[in-house]
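Consider the two complexes below, in which chain A is the common component and chain B and chain C are the respective partners.
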Partner chain A sequence: MIRKNFFRLSACVLLVGLTAMAGRAQESMTKTAVNVNKKMVKLFGIGGFKGLPSYGTGILVSEKGHILTVNNHILINPGILVHVYDGRRYQARVIAREPALDAAILEIDEEVVALPHYDFDQETARPTAENGDWILAMSNQFKIGVGDEPMSVQRGVIAAAADLRGRRGVFDAPYAGDVYFLDVIACNPGAAGGALVNRKGHLLGLLGRELKDTRIDTWINYAVPVQATAEVSREGKIEKVSLADFVKLGIQKKYKEGDKAIRVDKGGFHGITLVVKAVSSVPPYVEEVMLGSPADKAGLRPDDLILYVEGFSVPTITSFLDVMKQYGPGSDVDLQYQRGNKLEKVRLKLTDPPKVPAAN
Partner chain B sequence: MRIPALACSLLLIAAAAVSAQPPMVVKSEADRVASIAKVKPAVVAVFARGGQGGGTGVLINKEGYALTNFHVVQPTGPTMQCGLADGVLYDGVVVGIDKVGDVALIKLLPKKVGDKVVFPNKEGEFPFAEMGNSDLVREGDWSIAMGNPFLVATDFTPTVTFGLVSGVHRYQPPAGIFLEYTDCIQIDTSINPGNSGGPLFNLKGEIIGINGRGSFDKRGRINSGVGYAISINQIKNFMGHLQAGIDTDHASLGALVRSEVEKVGIGRAKVTVVLEDSDVARRGLIEDDVVMSFAGRQITSDNHYKNIVGIFPRGWRLPLEYKRGDTQKEILVRLMGIQRKEINDGAAPPPDNKQPPKGKGGPQGEGAKFYEPKPGYANFYFNRQEKQRVFTAFKKISDLSKNTGDWNIEGTVRQLNAVANSPSLFEIKEKGATTTTTVKLGPFVDKLDEPVDNTKEARMVPRGSGGLAAAIYLWRTMLTAGEKGFTECVHGGMEPLYPPPGVGIGDKKWMDQRVDADVLNTVKGVYHTKWFFARSDQKLLGMEVRVGDLSDEPCEVYFSDYKEVNGRQLPHRIQVFHKDVHYGTFTITKHDLK
Partner chain C sequence: MWRRNCFLAVLSLAVLTSSIRAQEDLNDLHEKMTKDASRKVAPSVVQIETRGGADMVVAGPKGQIFRKALGPTTGVVVGADGYIITSAFNFLNNPPQIFVRVQGQQGDPLVATRVATDKSRMLTLIKVESKSLTVPAFVPKKDIKEGQWAIALGRALDAKMEKTPSVSVGVISALNRIWGKALQTDAKISPVNYGGPIVDSAGRVQGIIIPASPNGEDVTAGLEWYDSGIGFAIPMEDILAVLPRLKQGKDLQKGLLGIAMKSPDKFSVLPEIGTVQKASSAEKAGLKPGDVLIEIEGKAVVNMAQVQHILGGKYEGDKISLKYQRGKDTVEIKSLELTGKDVVIAQPFLGILPLRDDPRLGVEVRHVFDKSPAETAGIKIGDRIMKFGVDEKNLTEFTGDKAGRGQFLDWLGTLTPGTAIKLALKRKAGDKTDTVSVTLSDLPGSLPGIPAKIIDKLPEGDASFKKALAPLELNNPNVKAPKVVAAEPPMPETGLLELNTPDGEHKYWLWVYPQYDPNIAHSLVVWMHPPGKNSKEDLDGWADLWDEYCRKHQIILCMPVEKQDGWLPTHADFVVAATRETIKTYTIDKQRVVAHGMAVGGQMAMHLAFNHRDLFKGAAAIGSTASGIKDNIGNQRLSFYLAGGDLDPLNKYVAESRTRLAEKRYPAFYREREKRGREYAQDVHIQEMVRWLETLDQQ
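And now, the complex of A and B:
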């Protein structure tokens, strides 16, 4: 639904956005930028490999130096270097993580007081931002600043508030849920954990990672709303956690991270075995269909050639498998395939994988 | 079904908002449109001859001078073609270049039909944009970029993009030693290939920067939301050099500085290394000193330091404040070059291997008539022009070309630590090929016979002055013979001069005494002289004479208290300094110039 109507929606968004911008065109954003900058920190940790930056951005959420940021690779090692807005430098360490929210809380190792910060409860109590709202994105992208040099500030519009399909093969993000998609190129290296604010400097969200849609080779720019929630599994039970709870409990060192098991491959079971992938460009010909599987029920047969999944072309086995990973158990998936000279269409209802005995 | 309905209602809201905008909104939009319309004619589409490659530029005066990036003119060579929004393609020629700063000054030539200038008008006057003050720009301010991204406009009409200033005083390291962006302006205003060299305007339509690069990383060389413009104030520092056709160099202080952070605390810029042969070493800076400010700006980190040092040309003298223990001191430092190792600020830049830009097939078209290659220069033609300008104006103030006889200049002198004034006399006599210059200070008499005295010691009289007799001899040469009195005479661009107030050094801050001066560099025998003419009225304000070694401390002579004598402006106060020490202040009572 969302994808289908996205373009119509974004056209309106654009119009509203332009109107909003014109009204504020002559007004400098300096004051807001300077105020928000004081509540932000530059982070330096692990990186420098595989094109991953060793730096990032964070937001102060307590006067004692608790920092909310993205739970990414720069936090792998416990010691993180923090530069506060006025140039002071501290060591900090991670005291809470929640991969499902893609968030982490750091604590400055020393006694500090009276740091400018966001009262996270107050920020989350505000309503969420709307499509077309005018925003500023602030971060230390590209590590342009060190010490007391201020964050970069960019302006843009919330193009859409929509579901981030944080699944492998599309957007490789741990967080899957509602995000703000931005029309400004804000998610550059090191921007993750930066602040998305409105014109008044109210915190709307946390800037996301560098994500590329592998299907269309396009980078996206998004922020996780401060009101974000996610489902985590704790001792087999699914619980809902909010970013606000995470921040509150995280600061108190009482937050319990969800079990890791929930974040494995989400792809549902279809029951299709494809031909052997001898070279990378082998098309997805059906080799076998498991009896009683969703594919069997839908009538797929060996030698069928799968052409489209949910309208996306799948010219190779790899692309078919990648796309299928997005659809979990219970999803309905439209497949188009070629049988002989005819183009056919079926709908599969994916299920949980059957309980198979241990490897034979 | 729900969403289309929502979409329609949004459309309605949007439409309503457009029609019911408050007057303030309508006005601000109209202002912006007016600003763009005003500066649009000044935006230049720069092409290599034959239409290959290209970038953008912006006209800064009616004579047709325009700024662009060095990396835009590098492939075009010394002559290029320039399209304006009027649709006319003009010939252009490179004037000056700044490889490190990625700036080039070019000149557009009025277009003739037959013998008559037709474009841009019959006076040949170009539309231009004013340069603003980039030090007033703050993050969060609005900015407008104009240029020719992706070379989309075949009729040369510039593309306008609008966005926010994301940061100021940014530092972007060089590629090698060139294209270092110091103290630059970061923008989210979209700039793409082809925008290079184009103007960044504030909302008033004043040029605040020249767009030149971006942070790209893995997204390809297109707008990544992070672009950089060279600040216009940096370019203003180099403008005198660029106008004089010089292949300019940036500067180093001759000391390395590292951000040092107390365990918890504000960063400090601590000196880690001082080059032995640097001016800053001679002024007394040593390792572990803390640099507090440079050129009037506070320094707390090495990025700050690089930013501030990076915006000045080599050879400039600028004040530096440092702290050692509890004492703070201010010194005036001569900046070293970074492209060439030796300090050579006495005369023409030495030949270097990096030639001015060369296009395929050399200079072509109308621009070729205004191009003269010379090592160390982007275009020596413009150096001659600038030199001529200085001499023409200077001659109007004090033409002494006929006074080639004996000179007697009487007065009194107050020397360092002296309790009272003593009588003084400068006497210059020419006899055959020998010129004798006599300096009398009270009972002491020193003589210099040129060119008979050929030891360095004999040429440095009076002792402790660094060569005052030679300076007086050269001063007379400049006043009587002008350019012809020297084996070499080139324009050295613009530099600040700090004329001492009254007697001695005084206690004013150096920055408060700064005067901008046109510089001429001359060579005569072993004497390398740097002359300072006021930019405002071309009065000779000072000279620095080096006898032999260019790395020696010069004899600094400052001329002031100009009064009319027989229809000519002549200085009635001459102050002499050597190695930061006040040697003497002369009060002239009588000029007897035969």
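And now, the complex of A and C:
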């Protein structure tokens, strides 16, 4: 009799336990969505381009109404309309931009106080998310919400944290570096600048633009992590800036934008001539190695097939040349190549191009 | 007593769990499950990279893929001794170099060789030199159920093998998809994880991800559904079953019976055989048109879909049993070995050009081709076909609800070369009617061994009766005449016109020569400009080359504008929209709508032709190779004009393309241009293209 009761009891406990947990799980996501929504704004541009949405999403990063968003086309015209979570409307203007981080800071034109916001330093101090982490992607995609209507919430996982350059040409991506790839179709019109958060509401990243993977002609869904950094060039010098620095200095109106053409051909000389580019995608087979060049010194020979540059896969001549542009004279560059059936590794020390132009 | 105990327990539980729950609620558990599953199988999920291979220039949902080959892809270990299975999609371009990276393996990537491809399930087996790969656990098919977790893993996004694969979480959406071959999942499936596994919550492999579509057979069919929530995977159990055969190094072909059903309706009519392919297993077994299949492999079948469900997963050489009904008899075949050859459909050729835009009953012959069946049968220019059929006593008359030319072509589309037909002709000379017997031959250009020629000179005399908009002459009082536009149609705009697709998103240009006459049905050439050559000047310059012929042969030019770096299959939608819009506004002969381009543009032209057959009747491509060649369809004729320059390194592939198209029995022509690379056509070749275009309505 006692045993039987005991059995019933434990069944009862199990049942209650499970329902309690399920209820709780739901609640935690709801809370997160509600809290995060308060820290987000809907952006509306004035005018805009044909075929491009003139609306977007932003994240509040100060109580006075500083907004972090993507540095995209809706910011081109001055005067941006901001709707905060409770329906208040303000005019805002851009006070800082950094194309290399694909980010911009807006400031609300009026005196406002005590807006719910993210403390950006605190968010960036956390470890980065990993593959398989549950996420919520929140944005005003498709301009579904106006005034006090909330952001659209989507659930998914981090598909991978990996280099965006792996999917786009190096010179092609607005921001070059590690991003979170998402398994949810989050990068829709107007979503850029939206928030990628974990279930606790911690800010993981800024939702990216509508971007296509040029290698396979498919849309990418990604977010730029809050810990992102980029190289910018200021008066000829290369400096590293983090998104956190940008936000901090941007709010203080002290941020100095990098030179426009950051990702220029840095022109390191390697001395490799590749096979004639007869068709658009020949693999980078070495045709000739210039005598005395870095490639010659490193022992590269005609017919070697270059596979990786600094770990980057270079399946075509175009991608090889593209990747090499990132390295200037004096850089050390690791190449992996195939000779016959063997894979070899070599380090090139790039130099200045020779004074006399090469025959090709 | 019981109630109170329970209440107490709940209370204590609440206290006990509240602290635990704070950190680890159900979502946490689920998240952990996903990651654990991924981590567990990670050593078996490898990254595959390829180099080189045939240079295929256009990517395509159903056409070929080029750019996909540039990225790394995914594979799954199926043998500790180095065997790895992956999606055949990743080996489309037959790359000579294959490299594999495995978690935990030090140093350089492993070199792999291709062992064999399963062409039924679109999988490829490769092998690396290794003795210590990790074979993952798998889920038997009987344990896979709808609604179970399905976690899709891939290695395409990240080169860092020490990390877990990329992950997308979904469920099993359905079993036995793609005619019994595949599992369906709502995890996000795309080139990012093709070749990778879907695994259950314990990290056991359920299947291997492939692009697939129930509507297409080629390796890339289904790509258009990437990330849509509809994805497919081949069950691991089926793969393991066929592995020993693949290891022998011979490609596995789909097993075919070699029949085509009488009706294209797969669901609501009995599976009655329409045609039996020569040398097929059906022919060997004595099956004949008119036989109705009633049982296959012991399962009753009442429609074609059920037949496909049973036969869909079979390989060449597999043996099946079947029962069929012939008249009142039921016949049983105990064991029938399936063949693996493609069923090739060929279209027949009578050898005439019909008079166009003719509302009168019948088909007037305006040209008879040399040495054609029509010539042999004594059909002359000016004769009018009034009745047609296979059985002389039972000839069909023209009804008048469709132009005679169209009705006649529809009927020919149901026949095959070699068929003897009877035609009742109203002779031009003497006004008498007689009936001739003709044995149809193959369309010129549709035989692989025989090089095809385009006629040197177009027939003189009017090609058109110039009454395209006049009401059709009715024969059958029961047939309602189609609606006819007003006798004096509004004259649409002519000249070089800048237009937008109806959604306003995409620009296209039209060249309509000023003397345009809406009573004549025009040819429409849709030009896929070379990458970047999209300015008004570029397009006007190209149209200039054609202008003389536009006026002489009533051709309208449509020039959609592509603004980025080259045509991609995703652009097909707006090209189609522009084409449809043009057909709506101008009088266009539906038999003479073609896509045209060079290099990438030519690939795009062929892609459009294969995938929008209701609209395009041909493609003219210069310096482009054909790929993603689809099967010929009886009543949807498609013709090809290919040209290459002997200086173009790709030229031999262009020439080969003609053969490959002809093997599928498409009428295809190849012109080698001397001392030319991949430049645009010279005038003499434009003239040839025009002659090709002008004979597209041959019958």
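Rule of thumb we're sticking to: the second predicted complex is superposed on the first by the 221 of 360 C-alpha atoms of A that agree within 3 Å, B and C clash if a C-alpha of one lies under 4 Å from a C-alpha of the other, contacts with A are read in each partner's own complex, and residues count from 1 in each chain.
We adopt the following convention: a contact is a pair of C-beta atoms (placed from the backbone, for glycine too) under 8 Å apart; a residue touches a chain by one contact, two chains touch by 3 or more.
Note that this is a predicted model, so its numbers are computed, not measured.
In the overlay built on the shared chain, the residue A:Ile185 is in contact with chain B and with chain C. Once the two complexes are laid over each other on the shared chain, residue contacts for A:Trp219 go to chain B and to chain C alike.
Shared-chain residue A:Pro315: touches chain C; no touch with chain B. When the two structures are aligned on the shared chain, A:Asp119 is found in touch with neither chain B nor chain C.
In the superposed pair of complexes, A:Asp332 makes contact with neither chain B nor chain C.
In the superposed model, A:Glu63 lies in contact with neither chain B nor chain C. Touch criterion met: A:Ile144 reaches chain B, while chain C stays clear of it. By the touch criterion defined above, A:Glu287 lies against neither chain B nor chain C after alignment on the C-alpha atoms of chain A.
When the two complexes are overlaid on their common chain A, residue A:Ala33 makes contact with chain B while staying clear of chain C.
When the two complexes are laid over each other on chain A, chain A has residues 5, 8-9, 12-13, 16, 20, 22, 25, 28-29, 51, 132, 184-185, 219 in contact with both chain B and chain C. For chain A in complex with chain B, the residues that touch the partner chain are 1, 5, 8-9, 11-13, 15-16, 19-20, 22-23, 25-26, 28-34, 51, 86-90, 110, 132, 136, 141-142, 144-155, 184-186, 188-189, 210, 219. Against chain A, the residues of chain B that register as touching in their complex are 3-4, 6-7, 10-11, 13-14, 17-18, 21-22, 25, 28-29, 31-32, 138-142, 163-167, 169-170, 172, 186, 188, 203, 215, 217-219, 223-226, 259, 261, 264-267, 300-301, 303. Contacts from chain C toward chain A in the complex involve residues 1-2, 5-6, 9-10, 13-14, 17, 21, 25-27, 30-31, 34-35, 38, 49-52, 55, 57, 59, 65-72, 97, 99, 108-109, 111, 157-160, 163-169, 187-188, 190-192, 226-227, 504-505, 568-570, 600, 649-650.
Residues 5, 8-9, 12-13, 16-17, 20-22, 24-25, 28-29, 51, 130-134, 156-163, 166-167, 181, 183-185, 199, 213-219, 221, 278-283, 305, 307, 311-313, 315-316, 319, 336, 338, 341, 343, 345 of chain A touch chain C in their complex.
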